[in-house]
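Should a chain be cited, it is by its letter among A, B and C, assigned in written order, with residues numbered from 1 in that chain.
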Amino acid sequence: MAERPAALLRARDLTVVLGGVTVLDRLSLEILPGLRTVVLGANGAGKSVTLRALHGLVPPASGTVEWQGGRAPRQAMVFQRPVMLRRSALANVAYGLAVNGVDGEARDRRAREAIAKVGLEAIAHRPARVLSGGEQQRLALARAWALEPAILFLDEPTASLDPGAAGEVERIVAAIAAEGKRIVMTTHNLGQARRLADEIVFIHQGRVAEQTPADRFFAEPQSQHARAFLKGELPWT
Amino acid sequence: MDLNIAMNFRRLAVTWMAAAVAASTILAVKDANAQETFITVASTTSTEQSGLFKQLLPEFKKATGIEARVVALGTGQALDMGRRGDADVVFVHDKVAEEKFVADGFGVKRLEVMYNDFIVVGPKADPAAAKGKDILAALKKIEASKAPFASRADKSGTHAAELRYWKAAGIEKPQGAWYRETGSGMGPTLNTASAMNAYALTDRGTWLSFKNRGELVIVVEGDQRLFNQYGVMLVNPAKHAHVKKEAGQKFVDWVVSPAGQAAIAAYKIDGEQLFFPNAKP
Amino acid sequence: MFEIFASLKLALDLMANGNAEFVRVVALSLELSLAAAVLGSAIGLPLGAIVAIGRFPGRRSLIVALNALLGLPSVVVGLVVYLMLSRAGPLGSWGLLFTPGAIVIAQTVLVIPIVAALARQVVEDAWNEYAEQLRSLGVGTGRAVRTLLWDTRFSLLTVALAGFGRAASEVGAVMIVGGNIDGVTRVMTTAIALETSKGDLPLALALGIVLILVVLAVNAGAYAIREWSAIRHG
């Protein structure tokens, strides 16, 4: 086997306790550069918390998250329900840039570009909170994309959307990945996982049960829990 | 456009603060402009509510160009205001307290201005049979019959006078359920008396301009002892350097001048004179 | 009942053919209450937002203190402001006692707790929705405060109005620090108190009705703005 590239991100023994419940239990995980990772697992397995812990939104009770080079790169996250600020679509994207120190003309230009890339130019000046769910999620992707993150976390980004809007979101995620941004995403839609994933991280009861290339995962899952999961889920995919 | 509006919260916040500062500045400037030309007079509710100042102050302003701002309180509070230096002139009616005020160095010199008279009002039916000219006899009857009596109990000039009359009538300290202390000004006390058909001591001016009389009528009037002397004095600039002594002195001089005295005599309600000028020339 | 109808008629009459003095009293009431609402909001809104979002030592005590201040009798506020502004007090040299400025100060002190407490509620609700997204974007506390104040602006307009209502209906403190000086510090509420003590209850009530109508009109206007904005901005 060729020499493994250095991990972009390495989580070691992450334990997260929320409201007295141990949600992540000494979870360890390596995210290598250049891949699209889909995190799978049953409801309550800890998928969302894993993303939040990696992104730094949830402090771990113990364990560490180490980034390549010792410093977290620019990162972004898209949530299941996007939170839009009470201002125009364009201003929402510009806001994210302003927070990250992009000002003036550059901010304006990058916001417009990102809006265009998700196909929302026509409604760039509409108040963001009156847009449809699908439009808001695309706007959330634009806001994240504009930041040029090295890694983008997506937590069930299509769970609240109809199939058409979900397809649109998938195309955008693929386009972002094609620019070399690292994608780490959760979904409960196995079809979506097949379409988007290079590798699957399967989480069971707060621990990584297996981390496998996607084609191999779907052909012959390594862990017993994943096998059970796929069996249970297969009829609906 | 909306991009800029939304992004520049800071600008909005600055505008907001600027508006706030502007608002307060306007108010401050408004005051500062007026500062040179007005004096503050601490006086009593009885004079204010009788409407006397509405007649007096415009004439004073015409004569001197000075605006007199009247804060109407009980005599005790008005003197306190002077003691704290919050008034330039004190214009009240409690000779004993006024003389102490001057003796303590808070007032420059007390000048007598005018008098009106106190009256006792009470229910038309007069359950205590107090009607008459003799204030002391009337109070004795009220006390004996335990008919309700409303007292201001607010350390005002009227309250001080009331207590003196009780004492003179041989009643050291009236008490019992019939004696009700309202702890408020003349008007509110009359409102209370009207509501519960009680007797009350009041100055004639407030009574004449009082509208909510109900069953109340005048029960006692005309006793020499009911005369109520008003005095005016400048707050001592030696105690409070900011006192506007020239403008304040002008007010004092004017109210005891023939012009001021004439203006006081001219004030009438329904043809009845309320205040009788008696400044010593 | 007759008195109430008489007052209604008198109120309408005052508004229809209000003399200069009446208009001046109403205008002064509005002017001072608006100034106090603006000043109180300028301080109270950020204060409420900081308490809602910030995590700092003493935050809980601050919340308790703010809530306690809501119940503060206005006469006490009036008295404290009076003692501060009195010539014998620490701020006596400002010469503000018995001026409109003194009224605004007392009203502002009364407005701040109510605005801060209500703003805290509004901002906290919004923060529950926004917190993850904003932290994900890398927003710090300071910017979060500003962002949420701006994003809840329509609700906060209602909050500022509650402050205005508090200021406009205030009488105890205004009487003490303003002195109810005719033509200078006589506002609607102190005029009502004065007419009441003169026993002219119909006129007092009529002024009260006018006061209610004025406050109502301001609120209706703000409500309309809010509704329109909610539809427009979501």
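Rule of thumb we're sticking to: a contact is a pair of C-beta atoms (placed from the backbone, for glycine too) under 8 Å apart; a residue touches a chain by one contact, two chains touch by 3 or more.
Because the structure is a prediction, the values reported are computed rather than measured.
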Of all other chains, the one whose Cα centre sits farthest from chain C: A
Chain closest to the assembly centre - both centres taken as Cα means: C
Geometric centre distance via CA averages, chain C-chain A, whole Å: 47
Chain centre separation in whole Å, for chain B relative to chain A (CA means): 76
Inter-centroid spacing, chain C versus chain B (mean Cα positions, whole Å): 30
Numbers and ranges of chain C residues touching at least 2 other chains: 147, 150
Contacts with 2+ other chains: residues of chain A: 85, 87, 95
Multi-partner residues of chain B (each touching 2 or more other chains): 6
Sites on chain B touched by chain C in the complex: 6, 9-10, 12-13, 16-17, 19-20, 23-24, 27-28, 30-31, 35, 40, 45, 49, 53-54, 69-72, 84-86, 184-188, 190-191, 194, 206, 209-213, 240, 242
Chain C contact footprint on chain A (complex, rising order): 52, 55, 57, 76-77, 79, 82-87, 95-96, 99-100, 127-130, 143, 147
Complex contacts: residues of chain C adjacent to chain B: 32, 34-35, 38-39, 42, 86-89, 92-93, 95-101, 104, 146-147, 149-150, 179-182, 184, 194, 196-201
Touch list for chain C against partner chain A, complex: 129-130, 132-139, 143, 147, 150-153, 232-234
